[in-house]
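Next come two complexes built around subunit A: one with subunit B, the other with subunit C.
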Partner chain A sequence: MLAASIFAIVLLAGTSPAASDGFVAIAGGPFQSTVRYDGDDGKRSVAAFAIASHAVTVREFDGFVRTHPQWARDRVPSLLADSGYLANWPSADADAPVTHVSWFAADAYCKSFDARLPDWAEWEYVAAADATRTDARSDVAWRGRTFQDGTPRAMDARSGANANFHGVSGMHGATWEWVGDYATLMGDADKRGAENGDRLQFCGATGLSFANRDDYATLKRVALLSAMEPRSTLGNLGFRCARSTP
Partner chain B sequence: MIRVTRNLLHYALLCALGLGAPAAFAANNDAAPPTDTINAVLTAPPMVPPPTNRSTPAKVTVDLEVIEKEMRLADGVSYNFWTFGGTVPGSFIRVRKGDTVEFTLKNAHDSHMPHNIDLHAVSGQGGGAEATFTLPGHKTRFTFTALNPGLYVYHCAMPPVGMHVANGMYGLILVEPPEGLPKVDKEFYVMQGDFYTEGKHGEPGLQAFDLEKAIDEHPTYVVFNGSEGSLTGDNALTAKAGETIRMYVGNGGPNLVSSFHVIGEIFDKVYTEGGSKYQENVQTTLVPAGGSAIVEFKADVPGNFVIVDHSLFRTFHKGTLGILKVDGAKNPAIYSGQQANEEYPAPAAHTGGH
Partner chain C sequence: MKVLLRSVVVIAVSLVASMSATAAPPALPGDSVYQVEASVVDQEGRAYAWQALRGRPQVVSMFYAHCHLMCPLIIASGKSLQNSLDPHQRDGLGFVSISLDPARDTPAALLDVAQVHRLDDHWRLLRPRDADVRTLAAALGIRYRAQPDGTFNHTSVLILLDRDGRIVARSEVTDLTPDPRFTATVREYLTGASASGSD
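Let's turn to the complex of A and B:
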């Protein structure tokens, strides 16, 4: 009963002005991704979808664990989460983005809400916006601030940071975020791509490379995600959920 | 780490005074069976670990931790450095040719992203970068044999590589030749690097990395050992007149080449680019980005000898300035000091007009 009421509170806590269930509708459209696959030009067409207005918080994830006790720290199989899983509990700030969660756990959380993790292209599309523009990436000053992503100095880690153009908050926060298809970002462990001398290429099976060599925030984010296994957890890696538009 | 460093400083001083030769190192001169495992002594700049003093190769373990931390870049100016071992440049590593080096790279739990290490002393893919792709809170390990003697740069090679290096992720590893290096009285670790901050030079506060300045190769700071003043004032290097001095000089870059010079000294020997052959009687030596040089000279006379990158606007406007303070008795036979300062007659005024 207690668990059920917490569950209800979790749902309410997700409410934002933009959408009653905490998700914001994204119209989508053509998008120039920084990430190129197999030598493509990085041009994507992002279909309409919805994304959570904020990253999943510790309180929200706690509610999930109470209703899905197989995801409790002392019960989760090591195949699905490494030893760092929820290692910061119970001292974690309940309103802060949840961290120390594996891809498996994040995926299970979203599915429990009839949602999913956003794809990289969807995440990148939403993250390209600042408060007034859908794509602020050519603004050198703004782009420079994104280099602090994943650190306490990140622009969206400040209290009172504004939501972006889409009404989505925390895309450039102190925590990185899992994406559903993060495994496509994997390349060789040494990203300098010695094989063909292209120093920016993430060579290897996916032939990943970068369409915009100045987008260091994305280079860093991809370097991080590509190092992860789906069971890995980090103290500054959380997630948010998304939904396809029917 | 700091305590270790101070102990080493103490040790180095003892050695310099001829009081050293501890049993641990003396023992290694003997049989040194190959199963012996030695934990490499790591030092923070400007200190250098003691010579290996070994006549045979050994298995050496190196344990280095990546630490991201805010530190002073100049007076009133701080920067979020990414470091090997908590200092810029990173810990000095000293091994011997033929050593089997078991290298463990840790990445601190509070690091914000993965890091790795490419040691130019390694013969193998990526210089170890591939084998040391290390998440925060993780550690990785690989083993290499130090095939080539020399003074080598190591650096992080995680993308974006330039940014990791620009944030201070470099240091030096010395692979001693089998016979060791000739004995000197003092050894120092000096490494140049260029830094790119959003604020102009001297603008106070925590300064963020500026990508545009880095791409344009227009640094706001060019410094020795990670900050302005790292080798001046109370931090000046010290020696006594008559002592022989060896400086292990590196250049982390990421962009600039250094024209390394000590004002008022001539390098008796320069192991050019950190290699095995030395040039003699050198005034200024080029240290490439991602390269090194070993310079040796005798501090013949007392004085304050200024260590510079002889690309001089860097020295006077961006920070490449250090001091070697040499104490001791003057030697007028080598250098008199000023002997005269007086006026001399102007040329006779032209009195023509005919």
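Let's turn to the complex of A and C:
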């Protein structure tokens, strides 16, 4: 109870960084994605866009819930979030990335700021950078460190971790992040609809594969997202927002 | 400030909405697909909230007008289902096809589809707001992906919703006619729904 009150006071007193700020412009360009769709070559053209420099924090999400009470833990409908939704509140660290949020909640949060979730290709493009290079993926040592993504040992999990080349932080942090088109990250073997007897397959699609089997960190991330339903929540799955460049 | 203004507007709009209703509608079930907020425009250019479809059973699908293979199948399959119903059942069932391609599927393009397929006034072809396509697809369990050539890969299904937007049944479209089991389910559901009273 005491912890809850302190938490509430901290939330009220905290200077709430407006989520509409804090976006970083990304020029985009040609990009070799690790993910291949339908046997393509994984070559993407990422259009210019903007992405939030930080994952959405507990404090920021709390502000959203206050102005959109239908997203409160005790009011959210079952279609939009599972029972784990915001299960860690109110003991969560207000400055930490928000977790235990469904795709629907992340989608609604970003829309409320006239933003959207980043697409996978956009996310992957920004995440390919280290502090000095736009694409550090050929660096075996750097790539090895990305194996810790989604764990407390992740390279961006420690406080004071550098922003990457684009000025974006936490892409390789202790939490995974939703992407807007996460539902496309699924292969033929998907059986999510099996309990209904539905195969839920794309027409004409042969599923996805990986351009670079050494890119284990990406494979792990995609495998995790592809196992999610849009109402699913996880203790180490959060999100950040993006915006198209007009 | 902007956020505050927005929430004031939202509150004002919902107040007006709730006042204009003569009686408060019963709470929407938690698993209703109308729990997601989305704005749509139909083939006649009428704009409304996705939730406005609540009130009668609907058979819902997602498609796009420039699709030459699967999408005509989806519509043909829905029409075939509709034609297999008796007149009373037909009156009680709406058909909703939501575009995956709002950039190209203008109301005029959707009206064209409706005319080419001779769809009656039980059909609504909807163009969602860009940002709402994914949200609607997620609520309906429909997956899609834009291809570089402007086509879409997508799940081809007909979904039966009850009057409150709960999913009763879904059926993959593979042919010009729907799966007979799905047709049977729709008939059974409509018979049961009319037998259980006219609330």
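Operating definition for what follows: the second predicted complex is superposed on the first by the 207 of 246 C-alpha atoms of A that agree within 3 Å, B and C clash if a C-alpha of one lies under 4 Å from a C-alpha of the other, contacts with A are read in each partner's own complex, and residues count from 1 in each chain.
By definition in this document, a contact is a pair of C-beta atoms (placed from the backbone, for glycine too) under 8 Å apart; a residue touches a chain by one contact, two chains touch by 3 or more.
Since the model is a prediction, treat every value here as computed from it, not as a measurement.
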- Item | Which superposed partner A:Ser169 touches (first subunit B, second subunit C, both, neither) | neither
- Message: Applying the document's definition of touch, where does A:Thr57 land relative to subunit B and subunit C: first, second, both, or neither?
- Response: neither
- Partner chain(s) touched by A:Thr34 [first = subunit B, second = subunit C, both, neither]: neither
- Just subunit B (first), just subunit C (second), both, or neither: which does A:Thr146 touch? neither
- Should A:Leu234 be classified as contacting the first partner (subunit B), the second (subunit C), both, or neither? first
- Message: In the overlaid three-chain picture, which partner chain does A:Lys220 touch, first (subunit B) or second (subunit C), both, or neither?
- Response: first
- Answer with first, second, both or neither: which of subunit B and subunit C does A:Thr99 touch in the superposed model? neither
- Message: Under the stated touch criterion, which partner chain does A:Asp181 make contact with: subunit B (first), subunit C (second), both, or neither?
- Response: second
- Item | Overlapping contact positions on subunit A, where the subunit C interface meets the subunit B interface | 199-200, 202
- Mind pulling up the subunit A residues that touch subunit B in the complex? 84, 140, 143-145, 147-148, 150-151, 153, 188-192, 194, 199-200, 202, 214, 216, 219-220, 222-224, 227-228, 232, 234-236
- Query: In their shared complex, at which residues does subunit A touch subunit C?
  - Reply: 18, 20, 37-38, 63, 67-68, 77-80, 103-104, 107-108, 111-113, 116, 180-181, 183-184, 186, 193, 196, 198-205, 230
- subunit B residues within the subunit A interface of the complex: 80, 109-110, 112-114, 116, 118, 125-126, 129-131, 133, 135-137, 157-161, 163, 198, 208-212, 215
- Message: Per the contact definition, I'd like the list of subunit C residues that touch subunit A in the complex.
- Response: 2-4, 6-7, 28-33, 35-37, 69-70, 131, 134-135, 137-139, 141, 143-145, 147, 153-157, 170, 172
